[in-house]
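Okay, structure first, notes after.
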Amino acid sequence: MSGNTIGKLFTLTSCGESHGPALAAIIDGCPPGIPLTEADLQLDLDRRKPGTSRHTTQRREADEVRILSGVFEGRTTGTPIGLLIENTDQRSKDYSDIKDTYRPAHADYVYDHKYGFRDYRGGGRSSARETAMRVAGGAIAKKVLAQLGVSVRGYLSQLGPIEIAADRFDWDEVSRNPFFSPDAEAAAHMADYMDALRKEGNSVGARISVVASGVPVGLGEPIFDRLDAELAHALMSINAVKGVEIGDGFAVVSQKGTEHRDEMTPEGFLSNHAGGILGGISTGQDIIAHIALKPTSSMRLPGRSINNRGEAVDVITKGRHDPCVGIRATPIAEAMMAMTLLDHLLRHRGQNADVRTDLLKLK
Amino acid sequence: MSGNTIGKLFTLTSCGESHGPALAAIIDGCPPGIPLTEADLQLDLDRRKPGTSRHTTQRREADEVRILSGVFEGRTTGTPIGLLIENTDQRSKDYSDIKDTYRPAHADYVYDHKYGFRDYRGGGRSSARETAMRVAGGAIAKKVLAQLGVSVRGYLSQLGPIEIAADRFDWDEVSRNPFFSPDAEAAAHMADYMDALRKEGNSVGARISVVASGVPVGLGEPIFDRLDAELAHALMSINAVKGVEIGDGFAVVSQKGTEHRDEMTPEGFLSNHAGGILGGISTGQDIIAHIALKPTSSMRLPGRSINNRGEAVDVITKGRHDPCVGIRATPIAEAMMAMTLLDHLLRHRGQNADVRTDLLKLK
Amino acid sequence: MSGNTIGKLFTLTSCGESHGPALAAIIDGCPPGIPLTEADLQLDLDRRKPGTSRHTTQRREADEVRILSGVFEGRTTGTPIGLLIENTDQRSKDYSDIKDTYRPAHADYVYDHKYGFRDYRGGGRSSARETAMRVAGGAIAKKVLAQLGVSVRGYLSQLGPIEIAADRFDWDEVSRNPFFSPDAEAAAHMADYMDALRKEGNSVGARISVVASGVPVGLGEPIFDRLDAELAHALMSINAVKGVEIGDGFAVVSQKGTEHRDEMTPEGFLSNHAGGILGGISTGQDIIAHIALKPTSSMRLPGRSINNRGEAVDVITKGRHDPCVGIRATPIAEAMMAMTLLDHLLRHRGQNADVRTDLLKLK
Amino acid sequence: MSGNTIGKLFTLTSCGESHGPALAAIIDGCPPGIPLTEADLQLDLDRRKPGTSRHTTQRREADEVRILSGVFEGRTTGTPIGLLIENTDQRSKDYSDIKDTYRPAHADYVYDHKYGFRDYRGGGRSSARETAMRVAGGAIAKKVLAQLGVSVRGYLSQLGPIEIAADRFDWDEVSRNPFFSPDAEAAAHMADYMDALRKEGNSVGARISVVASGVPVGLGEPIFDRLDAELAHALMSINAVKGVEIGDGFAVVSQKGTEHRDEMTPEGFLSNHAGGILGGISTGQDIIAHIALKPTSSMRLPGRSINNRGEAVDVITKGRHDPCVGIRATPIAEAMMAMTLLDHLLRHRGQNADVRTDLLKLK
C-alpha cells in the first residue's frame, strides 16, 4: 500500500537511491515454470544503461543484475524473484554543493518538506536511477508475455521540435540509433540537435510511444481499475512524465463521433482510434499509448532558486546528466506497459501451475 | 483489490447499472467529526444531473441521494458512509434491439467477451450513469478539503473546435452556462454548435481542466504512488477519457529546460509549468490537470458493426444520449481530483479524532 | 485499504450502524454467470436472524435483503453486487442513558477515544448487527463454491461448560436446535443452562467449529497470505472472537512430531491433525477451524465503569441482547470461511467468463 | 497484493529460499528521521540465529544483514529500506534424496501441486529460513516503537509438557537461557527434555506469548482490519503456527460475563482478560497474544508417505533441523506484533516529517 509497490497480482516493489550502495527489487506473482536467466534481464537493462552514446549522461554503470531468489534450475518457481544491482560509479562529491540548495524543477524542495531532510546525492530516491529496476521487472513481464504471443515495443516519436515521419517508420531502425527513433532521417537530425543543445547547456523534452500486440480481448477491471486507467498510472509514475494518451489521445477533443468510432466487420475492426481499449477493457487490437517527458531539470544554464534557509541563490547543476531524459525512456515505458498487461492477464485469468495454458486459451 | 474501489485510506467503492434498481456506494476512511448532510451531496449531483439543458440527454433522473450510515447527529463518525440513489427513469425497452448487437466504440463487445454475457440495458455497468456516485464521493471529499482551505474547481476548456479565450476567463461564468465554460462568448458558440450537431445526429469530444488551490506541500508517495500518477489513474478511469495532462502536459515535448523549469525566489515560484507537482509530490502551488473526452459513441448516424453471431449489421443508436459527454464531465473530474487529494492528505498525515487539526497544521 | 473491506479478488465492503437507517454491502469480484436470487441470501440471513428462539435477543428484524446490482436475468454479471437491508426495529431510547457511559468490555470507551465521539445507539458500528452483511456475502460465496463441489458447514462445539459428544455427532441435528449443536442431548442441556443464565442476568462464552469439504489442493499464497493466516484474519474479525485454531490448534503444543504429522499413502492422508493446511496451502483434505467467542458484554448484573467525564459509575445494560453471542455465530463463521476460500480460489485460478470451468478443472 | 507483502502503511516485502543465494526484504513506509544502523537489526537476528545452542539446528549462518537503501547519515529517509542477507552454509546435497518425495507434514506435496514443481533444497521458500527477514523488519519496527515508549517482548510459555510457573516468572531470565523461558527452573527441565527428545529422534510443539506495553488507545480499523484480526493474520503467518489467542483466548468459552469483563475505575482497568483489545481497538492496556507451534515435521523417525509418482515410500528426514521450532520462534513472534502495531500507529496517525511528535502526542 506504500508508494514503492506497483501491481496487484504481478507486483514490483523496489528500493534504492542514486548514490546508495545498491538498487533492489522484489517481483511477486510471476507465474511458475517460466525459463528465466540474468541474461534475459540484462538485454533490456543495457538498452537503458547510461553512457552508451555521447547524447546521454557520462556516468558509467555496469547495471549488472543478480537474481537472488524465485528461480530454480533455470525456471521461475512462483515464489518472489529478488533482484540486486550494485551501484559502482558514485561521484557523490559532485553534489555536496547542492546539499542545502533546491535545484529548480527538481524534487529537492518537496522531499525536504515531506520528509524533513533528504539524501541529496544525485537526487537520492527521486533520481531516474531507480528506473533500472522497472526495466528489470519489465523484462520478466515481457518474457512471460512473449510465451503468450504478446509483444511490447516502444519508440521515440518526437524529440523537441523533431517529429518522426510516418512514411519513414521502420521498427527495425529503432535499435539502430541511440534515440530509439524508427525514422533514420529524423535520428540524424536529432544527433545534430542534441550536439547543439549540449553546447548551449540546455535540455529538451520528448514524446515516447508504446505498442502492445497480440493482447487478448477482455483485460481490464472496470470501473476504477480499467486497463487504460492503470496504464495511465504506470506511465505517469515514470520520472519527468507530464502527459499520457491512449490511442488518439487529445486529438479526440476536436473529433466527431463518426470520425472517432472504430467500426467493425466480421473480419474485425476497421480502425484503431481507441488504442485497443473500450470501456476500460482490451479489444484485441494493438494497445497504443503515448507519453510526454519534460526537459531535464539539471542543466548548466544558471537558474534562480532558494536554499533551505529561504535565501535567494543562483543554481548551476554540475554532475553528469542526460540533456534529454526521453532518450533513455523507451525501455522504461515498455517495461511499465508490459508489467501492467501481465498484471491484468493474471487478474483476468489467475495464477497456478498451468497458468500458461490458461493464458494461451485466451487467445 | 477488485476494480470497483478507488483510494487507499479514503476509499470509494461503488456499484449499480444504468437501468438496474439503484446505484450505491460506500465511502470508507472519511475523517470523523465533519459536518455532513444529504444537501451537501445533492449540490454537486445536481450539477452532473441529466436533462438540465437541451444539450444533454433527456433522461430524467432525480438523482436524490440517501445517506445510509456513517453520519450521526449531523457529523461523520469515522465509520463507512453508505450512499443510495434509486434509478427512477429506466426505459429499458429502448435497448432490447441492441441486445445481440455490438454498438461501435461501445463496451458491448468487450463486456460480452470478458464476462460471457452482459446487462445490455443502457450499457449496464459501462454506462456513465455510475459517475453519479463518483460525484457524491467527491462532494464528501470537497467538504473535508474545504475545511482545510483546499478548493477544487473545474471547467470546460474546449468543446470540439471551440476553445475558450484566456482573456475572457471568468470563474464565476462557469456556473452560468450549461457547458461549465468560463468564457461566456465561447459558451454562446457552443450552444449554436451543439444545436447543429444534434440536427446532424453526430457527437463531439471535449477537454476539461481541473484546478486545486490551497494544497499543502508534500502530498504524494513516490515512486509509484506519486500524486500525478494517482491523479492520472483517477482521471483516466472516467468514461470516455483518452488523455490526461499535468501542468503543461504534452506541450513539454517541445519545451527547453529553461522554458519549462519553474524558478523560485524567497517570495515563491515564478511560474507553474509543472502543474503544482515535482517528483510526484505537491509543491504547494495550484494542482492543474487536463483531460480529453472522446465523442459520445451513441449517435443516430448508422455505423457498421457485428452482432454476437459475428454477422455484419448496421447500427443506429436510439435511446437518450448526450451528444457530448464532456458537457457533464466537469463535476466528475472535480470529484476524482478531490478524492485523490484527500486520500493523499490522509496517507501523508493519518486519520484520527483530531485529524482536522493535523491537516490544518499542514498549511 | 480502509478497514471495512475484506478479501483481495472476491471482496466484501460493508457499512451500517445498529440503529442507523440501513445496512449495505458491495460484493466485488463475484464470477459472472452464477444463478443468484435474494432467496439464496435470505436462507442464511434467517439462520442468523435475531429473535428466533427465547435464547437470543428479542429484537425483531426481518433482515430482508434487496439486491441492487450485479445480477441480470437471474445470473451474476461479474459487476459488483449491491446489497441493502433496512433497519426496522430500532429502540434507540433504550440507549440514551449510556450516551456518556462506557459499558465494561464494550467498545464504547475505545470508539470515543479513537473517533472523538460515537453513535451510541445499540453500539453503532461496533454492534454485531453488521454481521448480517457478512452472512449475506458468505451466502453468495457458498453459492459459487457449491457449484464447485465445495461445502462449508459449521456448528457450536461448546457452550460455557457444555461440550458436545463426538459419539453423538450428527450434522443433520445442527439445523434442528436453536444452538446449531450437532448433539441433540447437549442441545437439551444448553436450553436448561441458558434459561438459568437468563434468570441470573449473566452471559457466557462459546466455541464454534467450521469445516470446508471438497476444497482443491493448492489454495493459499505464502508467505504472508497463507490460507491459514487469512482464515485467522477473517475469523478473528468477527465480534467477540478471542481465539482461532486450525486443525488441532493449541493441542499441538504438547504433541510430538510422530503424533502430529499426517502420514500419506497412495490412497491419501491417514489423518488430519493439520486441519487441511500445510505450509499455508490447502492439502485437499477438509479445512477445519475453531473459534472462541467471549461472553456477551451486555448483561443485567451491574458492573463498575466510568463515564466520559472520567467519573466512577455503576452500569446495568438494559436494551435487548443475546446472553450468548456464540449461539448465532455459526452462520457468521461459515460466511467468513466461505468468502476466504472463494477469494483464494480466484487468486489461485483467476476470474473470467468461464472461471467455473477452470475452477472445476482444479478438482 | 501478492502473498509476500504484509502491512498497509508500514510494509515488509520479502524473498529468498532456504538454499538460494540470499534473502532480501524491502521495508516501505518507515517514518523518516529514525536513527538506524545494521547493528540495530543484528541484535534481534542473532537472537533467532541457528546453531546458538545444542537444542537448535547445527546449520551455521552468520545472518549478517546489509542495509541497501533508505538510510542516510544514520537516519531513515522515509524511502524504502532494502535489506540483504547472503546464504553461506548451504548443504544442498542433503536434500537431493527428497527431490521426488513428499515429507509427511511438510509443504513438499502442496508446493508441487500448486506451482507444478519446487525448489526442494531445504524446503525452498517454505523453510523457516525466511523468518530472518521478518525479524529484521521487526527490529526496525521496534526501534520506532521504542521512541514512542512502546515495547514488545515475548517468551516461551510452554515446551511440550513443560509449562512455566507464574510465581517464578522473571522477564530478565528470558535472555539467560536458550529457550526464552522466563522461568529458570522450567528452562532446566526443558534442556533435559530436549536432550532425551533428540536421542529419540522425535520433535515437539511449543507455546509462545508476546506482550506489548505502552500502546496508545485507539489502534485498529474496524470492522475487518481490527487490531486483533491483523495480529491473528500476522502471527498465524509464521511457519508451524496452528493457533492464535488474544488475552484469555480459548478460556473465554467457559467464562461467564461477570468473570470476563474488565471493569474500569477512574484509576483505570481492574483486569485485562481482553488482552488490551476491545471491539478490535487497543484499550491502552498491555496487548497480549499467544501462539501454538506444531512439532517440527522433520525428524529421524521414519514416516509413511508417497513420492511424486504416487508410490508409497518410507521417509527419514536427514539434513539439519530444529527438534522444536518453537525454541527460536520468540523473536519472530515479537517481530510480527511489532510490525503490526507500527502499521496501525501509522494508519491511525499518518506519516510525515514529524510523525514522531504526532505519535508521541497519542500517549
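Which chain is which? They are A, B, C and D, in the order written, and residues in each are numbered from 1.
Here is the rule we go by: a residue touches a chain if its C-beta (ideal position, glycine included) is under 8 Å from a C-beta of that chain, and two chains touch if they have at least 3 such contacts.
Just so it is clear, the model here is predicted, and its values are computed rather than measured.
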Interface check for copies subunit A and subunit B. Shared numbers divided by all numbers used: above half gives same, below half gives different; which is it? same
Label of the chain whose CA centroid is most distant from the centroid of subunit D: B
With respect to inter-chain C-beta contacts, which pair, A-D or C-D, contains the greater number? C-D
Quick check: how many Å separate the C-alpha centres of subunit A and subunit D? 38
Inter-chain centre distance, subunit C versus subunit D - centres from mean C-alpha coordinates, in Å: 27
Multi-chain contacts in subunit D: which residues touch at least two other chains? 1-5, 8-9, 14, 79, 113-114, 125, 218, 222, 348, 352-353
Listed in rising order, the residues of subunit C that touch subunit D in the complex are 1-6, 8, 14, 102, 104-107, 109-111, 113-114, 125-126, 130, 158, 160-161, 197, 202-207, 217-218, 220-226, 228-237, 239, 241-266, 270, 274-275, 278-283, 292-297, 299, 301, 303-306, 310-312, 348
Subunit C residues touching subunit B in their complex are 1-5, 7-11, 13-17, 20-26, 28-29, 32-33, 66-70, 72, 75, 77-82, 84, 113-119, 124-125, 352-354
